[in-house]
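Two complexes come next, and they have one chain in common, chain A, joined by chain B in the first and chain C in the second.
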Partner chain A sequence: MSGPLYLAWRYALRHPAKTSILVAAIALIVFLPVGLQVLVGQSARELTARAESTPLLVGARGSALELVLSSLYLESRPPEPTDWAQVERVEATGLARAIPLHLGFQARGHPIVGTTLDYFDFRGLHVAQGRRMAVLGECVLGARAARALGLAPGGELVSSSETVFDLAGDYPLKMRVAGVLAPSHTPDDEAVFVDVKTAWVIEGLGHGHQDLAAPDAETAVLAREGSSITANASVVEYQEITPANADSFHFHGDLSAYPISAVIAVAPDAKSRALLMGRYEGENESQQVLRPVSVMDELLETVVTIQVYVVAAIAIVSAATLATAALVFLLSLRLRGREIETLVKIGGARISVAAVLASEVVVVLSLGILLAAALTLVTSRFGSAAIRALLLS
Partner chain B sequence: MIRLHDLEFRYPEGEFELRIADFRVERGERVAVIGPSGSGKTSLLHLVAGIVEPGRGRVQVAGAEVSAMGDAARREFRIRHVGLVFQEFELLEYLDVLDNILLPYRIHPALRLDRTVRERARSLARRMGIADKLHRLAPRLSHGERQRVAVCRALIAGPELVLADEPTGSLDPANKQRVLDLLLDYVRDHDATLLAVTHDHDLLDRFGRVVDFKGLGT
Partner chain C sequence: MTRRHRQRSRIVPWLALPLALACSEPERTDAPATPSAEVPLSVWVVNYPLQYFAERIGGAHVEVTFPAPRGVDPAFWSPDGDTVAGFQSADLVLLNGAGGSAWVGRATLHADRLVDTALGFADRLIAIEAAPTHQHGPTGSHSHGGSYFTVWLDPWLALEQARAIATAFSAARPERADAFERGLAALEADLLDLDARLSRAARSFGDDPVLFSHPVYAYLTARYELRARSVHWEPGAEPDAAQWRDLERSRADPPASVMFWEATPLGATTARLTALGIESRVYSPCANVPARGDWLDVMRANAEALAAGPRPGRG
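Moving on to the complex of A and B:
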């Protein structure tokens, strides 16, 4: 290390409070605009990539952003529910393949996604261990979810109760893990995938219970009227779907009216997309069809507009901070007058004495920039996930 | 070694004026300068070192016309040929003992800091009884220890002229002898010259010549 730089380094170490404050100030001046740019750029890329891979979404009228965010990222509050009839409606047009999504339930913090096997093909998700779900009550775990839950094929996972204090509400369902997906580095890695009918069972819309016609179920019968049997409260309801009780699970009413969160409409070409969108333009239309990329573009436009104002504010604060830092350096020069005089009297070269003082600035700037780089690195690693969590919360 | 001729010096903001008609110190001499406070003893050392410039007259040191040199040349001359012990020691507070001794090597590209120099610094510190404090910061040293560090710093670059302003002023009798021993041994071993301002009259008999400043300057 050169003499002046060494002296500057020793000086910085001997004055840790002053050095730390200056380093922090410089780091913030550098990090705030750069980090913001990295954050916005990365978030925009991630949001857009996921949106671009999802051609059209059909859902109930309401917040377009909520419908897109929850359908793409599977984490947020589910949108206004639509119904299974919308899947049939899309299929009936012949313009697109319909993939249902039913969201809103969780298992130990991971979102449960009720869908069909088509979803795996559509997203290009491959099974790394085990197989896809085949029967009611089975689930397939995303790679990160499996790692976080410590589960593998053959394991069991219980859905979280959504209505703890509602005795008439749904009850946790114990699911069997059929397979684990290979990492896709998308929100799918965090999800627990089940068949949409399993999701309805979790919701309490489908259920299984002991056979009331069996002789040993007499105590659970409240009334018999012809072939109709009414159970009393002691009837045994199953909280797990097994080969032995699978046949007892059933759904009451019209399946077309059963709720789902959204339908991904996979149209083969632009024309089909346009035609399908046209089908949902009526004034009395209760459903909306969205191009997720358009919704995300609108969101990003808003973000960029806000970013411009934030950068302007940062520039003003940075200028003030730089001026303060310069003042601190100048005051430091005055305080170090005696030291400078000593260096001159001993015979220090003019350039060396100037270098000692300039090196202090170099040391502080270098440490500040290093800190800013480290912060930017952390931001690029975790920032977009934080932004996504913020948007989805 | 030193010749001051027809010298006139005045601080820009002060009333004080120093005039020296002729003052010579030969190579290898050990000269003590005594005199009342404010008589200009420190100014004499600063003139010889080229820290200040005379208003008139000539300052010659080691055959070089210091009074005719520019600022950069005087600085280089100083760091190569002159070792200075300041009255207030003037150690850098954020450096430890070793770094303070090595300071001349950190502030001029003409001097190269290598292992030999570091060993010389340790050797000087041993002679001064501060070898066990090499990594102690300057503010944590006693007054006498600081003074001894200042002496080591003055000698580290092997100067042919040592200018010392009260080099024993803050020391107990034992350390006074130790510091003076080092300075005089250095002068003898290196065929160097010592010009020291002192108020220690009991040490004067160890110098080769004593100059009473009352008879030198006005």
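Moving on to the complex of A and C:
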């Protein structure tokens, strides 16, 4: 280390409070605009990438942002429910492939996503262990979900009951893990995927119970009239789907009316997309069709607008801070007048003394910039996840 | 991302760029494999008649898999998860589409690869009568009944299934459509010949009633206007006293002289029926792979059994 730089370094260490304050001030001046830019840019990229890969979303009329965020990120509050008929409606147009999403249930903190096999192909999700779900009651775990839950194919996972105090509501369903997906670095990594029919079983819309015509079910029968049997409350309904009881599981009523959260409509080209959107233009239309990228752009417009004001404020504060730092250095020089005079008297050339003082400024600036870089790195690692969590909360 | 957003986001791009590059995700390529005409069409089916039809139509251009074990009734068989995964891997899954194979409704399959071979005659399916209804909870009463599923016992419905299969094959492999049409034409000729045999055979009964051991012959009796009565007996089980009483009640006037079984009944049952003046004959629905011959052989043998007419010397 050269003489002036060594003396500057020793001076900085000799005055830790002053040095720390200056370094922190410089770091903040550099970090705030750069970190904000990285944060917003990265979040924008991530948000729009997921939205851009999802051509159209169909769902019940209501909050467009809620429909898009929950359908893309699978974590937020589910949107107003629509029904299975919307899947059939999209398919019937011949303009797009329909992929249903049933959201709202969780298993140990991970979202349960009811869908079809098409979702895996559409999102490019590959099975790393085991296989895709095949029969009622099976689930496939995202990579991070499997790691967090400590589960592998063959393991079991119980859905979380959403209606603890509603005895007639849904009951937890013990699911069997059929496979684990390879990491995709998307929200799919956190999800628990099931067939939409399994999601309906969790919701209590499909169920299996003992054969009421069998002799051992006599205690569960309230009345028999001809071929009609009325069960009492003691009828045994299964909370786990096994090969032994799978045949007893069934769904009542018209499946078209069964609830789902949204439909991803995968149109092959822009023309089909436009035509499909046109089908939802009626005044009395109960459904909405959205381009997720448009909704996300609107959200990002708001974020960017806020960012501009924040950056402007930061610029003003930065100018004031820089001025204060300069003042600190100048006042420091005045306070150190005798010290500088001594250096000159013991033979130090004026240029060397100036070099020592300049080195002190360089050391402080360098430390400040290094700290800012470290903070920016941390922001780039965790910032977008924090922003997404903020948006979805 | 809009132009406005892009402009605003270029505040300090030179500082953000290295970090952004460091944090970028690798691109994935997941283009689906394009089907090749050289690779046989992978077809999975839910019962043996569909396997037979598919093989007759597709020939060497299809690879048909029917995974149900021998000896079980495919209508009441449920595959395990690994077998369903096999169905998921198929290019096409042929469904009987007329009830039966209830597992399909509980399985996770590619909807666009399912071929409902009975879709063209859904309005002609025969509903199972007297399916028990039950009620539990607030959802009202419901029944787990459906339609009779042995549609292939009517050669005309079998032909419609075959046409649906040929159409699906041609859609999946347009370059092989001619071969599929030739396969269908040959099968159609055999089915029409079978129809002619069955028509002649059914006429031999005239107005005489016919007994069936199981209620799975609805499409046969409807097509050929047989005066049929069915009981619910299993060939491998001896009927109990109540079942014999039901038989007495269900015998028409004049009483039936022939009972058709899905498979050869127990000797004791045959003997007691003979004592009652009822001859036992086999009319196999052939839902699973037969021990000998193929589906057409079995159906022709059935036609011969029917053609024997009422028991000689009855009355």
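Rule of thumb we're sticking to: the second predicted complex is superposed on the first by the 393 of 393 C-alpha atoms of A that agree within 3 Å, B and C clash if a C-alpha of one lies under 4 Å from a C-alpha of the other, contacts with A are read in each partner's own complex, and residues count from 1 in each chain.
Following the convention adopted for this analysis, a contact is a pair of C-beta atoms (placed from the backbone, for glycine too) under 8 Å apart; a residue touches a chain by one contact, two chains touch by 3 or more.
Since the model is a prediction, treat every value here as computed from it, not as a measurement.
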Using the superposition on chain A described above, determine whether A:Leu117 touches chain B (first), chain C (second), both, or neither.
second
If touched residues of chain A are counted for chain B and for chain C, the larger one:
C
Touching partner for A:Glu301 - first (chain B), second (chain C), both, neither
second
Return first, second, both or neither, reflecting whether A:Thr376 touches chain B, chain C, both chains, or no partner chain.
second
Where does A:Leu7 make contact in the superposed view: on chain B (first), on chain C (second), on both, or on neither?
first
Touch check for A:Gln129: first (chain B), second (chain C), both, or neither?
neither
Just checking: does A:Gln37 make contact with chain B only, chain C only, both, or neither of them? Give me first, second, both or neither.
second
Which partner chains sit in contact with A:Ala178 here, chain B, chain C, both or neither? Use first/second/both/neither.
second
Which holds for A:His250: it touches chain B only (first), chain C only (second), both, or neither?
second
The chain A residues in contact with chain B across the complex are 3-4, 6-7, 10-11, 13-15, 338-339, 341-353, 356
Over in the complex, which chain C residues touch chain A? Could you list them?
1-2, 4-5, 8-9, 11-13, 15-16, 19-20, 22-23, 25, 28, 30, 32, 78, 80-82, 84-85, 88, 102-103, 105-112, 130-142, 144
Interfacial residue positions of chain A with respect to chain C in the complex
33-34, 37-38, 40-42, 44-45, 48, 97, 116-118, 121, 124, 131-136, 138, 168, 178, 184-185, 195, 197, 209, 212-213, 227-232, 235, 243, 246-247, 249-253, 297, 300-301, 304, 307-308, 311, 376-377, 380-381
Chain B residues touching chain A in their complex are 46, 49, 51, 71-72, 75-80, 82, 84, 86, 90, 92-95, 99, 103-110, 113, 137, 153
